[in-house]
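Next come two complexes built around subunit A: one with subunit B, the other with subunit C.
What follows is the complex of A and B.
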């Protein structure tokens, strides 16, 4: 057995605690294995979700929502409430990181490596300059083409954040292209409120919450309207995810503005 | 018939075993990125392309960067700031 990571696995843990945790883990595993036959088999045609909603989504999804990718149609249109909850959870996670990590500085490095100044060489700098426009373009493609190919708001927002984080890693935080922590928080808030307002606006036109067929746009047929509503909330999710990931990165970096 | 999914699951288990048994934190994080990548390919094999996309973006890229950053802030060459804890032993 090789040497383990110090302090992670069991130094100073008594033998009784080890046996107790082993018994607890064994019981938990036995419970999971005992419960697993209750799950439907993969591809089972008689399972509950396959019987009730899946056929409906597959048959009616495109003609009702105008979105060829059924996953996007279900996530953003039929299950819009759930996606709004996920976006709220991500936003709250970013706020919690800002609250907990944003101010405290309980650890300090022995040798201060300075992330404020750019680090690396000409090669890294040029590679970053070459890569970032393509990452941004691909991120926008993923967001806007999520209707008919795999992708969508979460993935596109992650790629946008990855481009910003790459700039921060290579160029240093001083040259983050003007995208500070405060602006990331503003972008995340704009994304979340864009989602909620796209849900609320149809209520002024006699439709229900998150029913995109009530959006006041210049197109009249319902599938087109719902496709545009889906696009809007994908954009909101992308902005939220991008802002929150940049906020978490900056909080982990731990530098005050 | 070549069962790619079983191969990927075996590789994932090997990665999990490796994470627990490497010496440095940074190696563990890199193997964790490989774990994410294998689970991503497993999702592709089972046909869940959107989930695989999310796993590749979040699990293999962003999480690795965050872990690296956390190690950079709290790694081996980092000492906690000595603070006098009320009622605790003096360092």
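What follows is the complex of A and C.
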């Protein structure tokens, strides 16, 4: 056992607890490994999880939803309600971060590193200027091409947030390129409400909640129409994820606005 | 248990080891930050488990290919991997990022209040208050 640095790595629990937990967890791991033959072989195309609803998604997915990427079709169309819940969870996590860290009036600075002023290096600045347009372009590609290639709202949203956070890290807080906490919250709210409204609008046209075939667009082809609904959903998710990640990053820096 | 059986289930062994590692980290470390990181390792174990259930031998990604005329080709179910666990884990990953951010925010708040993330120090100060 190497020597521990007090206050950084901690003392750890007592040796007795350590051994007791090792024995118990070893038994637990052995139990899981002993139970693993009951699971389907990895790569088995005839296993139980691969044979019920998944086959239906693969074979009917394109003709019903108009989305060649079946993961996107499942995520935003078949399980749109589920994804709305997940988006809400992300949004609430961002809001909680704001409430936990953003409301304190007098803050003691914890970090030694001043992350609010720009780093000021020419190399970093030029690198950032060069990278950000491409990151943004790739993010938009991932969001809007998520129908027919791997991608979608969640991934694109993280790319968008990465671009904003890169600007914030290199150029500091005063820079008008970046997002403030307030703007990020507005973006996240717009994304979430876009999702919900795309769900609600079909109800005015006599369809179910989140049934995109009821959207009032000038498209007669039902799968095509559903694909547009999916695109709107993905855009909403991307905005929410982007806003929330920026909020979390901004809160973790730990300075009152 | 034949050697063939073991080969087909190696990924489940990896999942079991990751899960046990995460649990051990949560029990054996007294630093709250390390506990959060250990919890993330457990989340990775669950994600790997779902993704291994989705795999099919020799199958391609669940994105339907185009034919010569740029029309989408339809495929048979065994030709592409199971899309459902992928869709579920896609959201799980982003949710885990957001919840980790929330956990870190709580830790910062705790650190500001007690001046430490060590369980023993925090307990001592809580008793004093």
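A few comments on the model shown:
FYI, the second predicted complex is superposed on the first by the 228 of 257 C-alpha atoms of A that agree within 3 Å, B and C clash if a C-alpha of one lies under 4 Å from a C-alpha of the other, contacts with A are read in each partner's own complex, and residues count from 1 in each chain.
Operating definition for what follows: a contact is a pair of C-beta atoms (placed from the backbone, for glycine too) under 8 Å apart; a residue touches a chain by one contact, two chains touch by 3 or more.
Model, not experiment: these values are computed from the prediction.
Judged by the touch definition given at the top, the superposed model places A:252 against both subunit B and subunit C. When the two structures are aligned on the shared chain, A:44 is found in touch with subunit C, with no touch to subunit B. Touch criterion met: A:59 reaches subunit C, while subunit B stays clear of it. Within the superposed three-chain model, A:71 lies in touch with subunit B and with subunit C [touch as defined at top]. Residue contacts after overlaying the shared chain place A:32 against subunit C, while subunit B stays out of touching range. Contacts of A:83 after superposition: subunit C is touched, whereas subunit B is not reached. Applying the stated contact rule after C-alpha superposition, one finds that A:221 touches neither subunit B nor subunit C.
Applying the stated contact rule after C-alpha superposition, one finds that A:159 touches subunit B and leaves subunit C untouched. Among subunit B and subunit C, the chain that touches a larger number of residues in subunit A is C. Counting contacts by the rule stated earlier, residues 9, 42, 69, 71, 107-108, 110, 150, 152, 154-155, 158, 245, 248-249, 252, 254 of subunit A appear in both its interface with subunit B and its interface with subunit C. Contact residues of subunit A toward subunit B in the complex are 1-5, 9, 42, 69, 71-72, 105-111, 113, 142, 150-152, 154-155, 158-159, 161-162, 165, 169, 245, 248-249, 252-254. Subunit A contributes residues 7, 9-13, 17-18, 21-22, 25-26, 28-29, 32-33, 36-37, 39-45, 47, 49-50, 53-55, 57-59, 61-63, 68-71, 73-75, 79, 82-83, 86, 89-90, 93-94, 96-97, 100-101, 104, 107-108, 110, 148-150, 152, 154-155, 157-158, 241, 244-245, 248-249, 251-252, 254 to its touches with subunit C in the complex. Those residues of subunit B whose C-beta lies close enough to touch subunit A in the complex are 20-25, 28, 46, 49-50, 52-54, 57-58, 61-62, 65-66, 69-70, 72-74, 77-81, 83. Residue ranges of subunit C in contact with subunit A, taken from their complex: 1, 5, 8-13, 15-17, 19-20, 23-24, 27-31, 34, 52-57, 59, 61-64, 66, 72, 74-78, 80, 82-87, 90-91, 93-95, 97-99, 101-102, 104-106, 108-109, 111-112, 116, 118-120.
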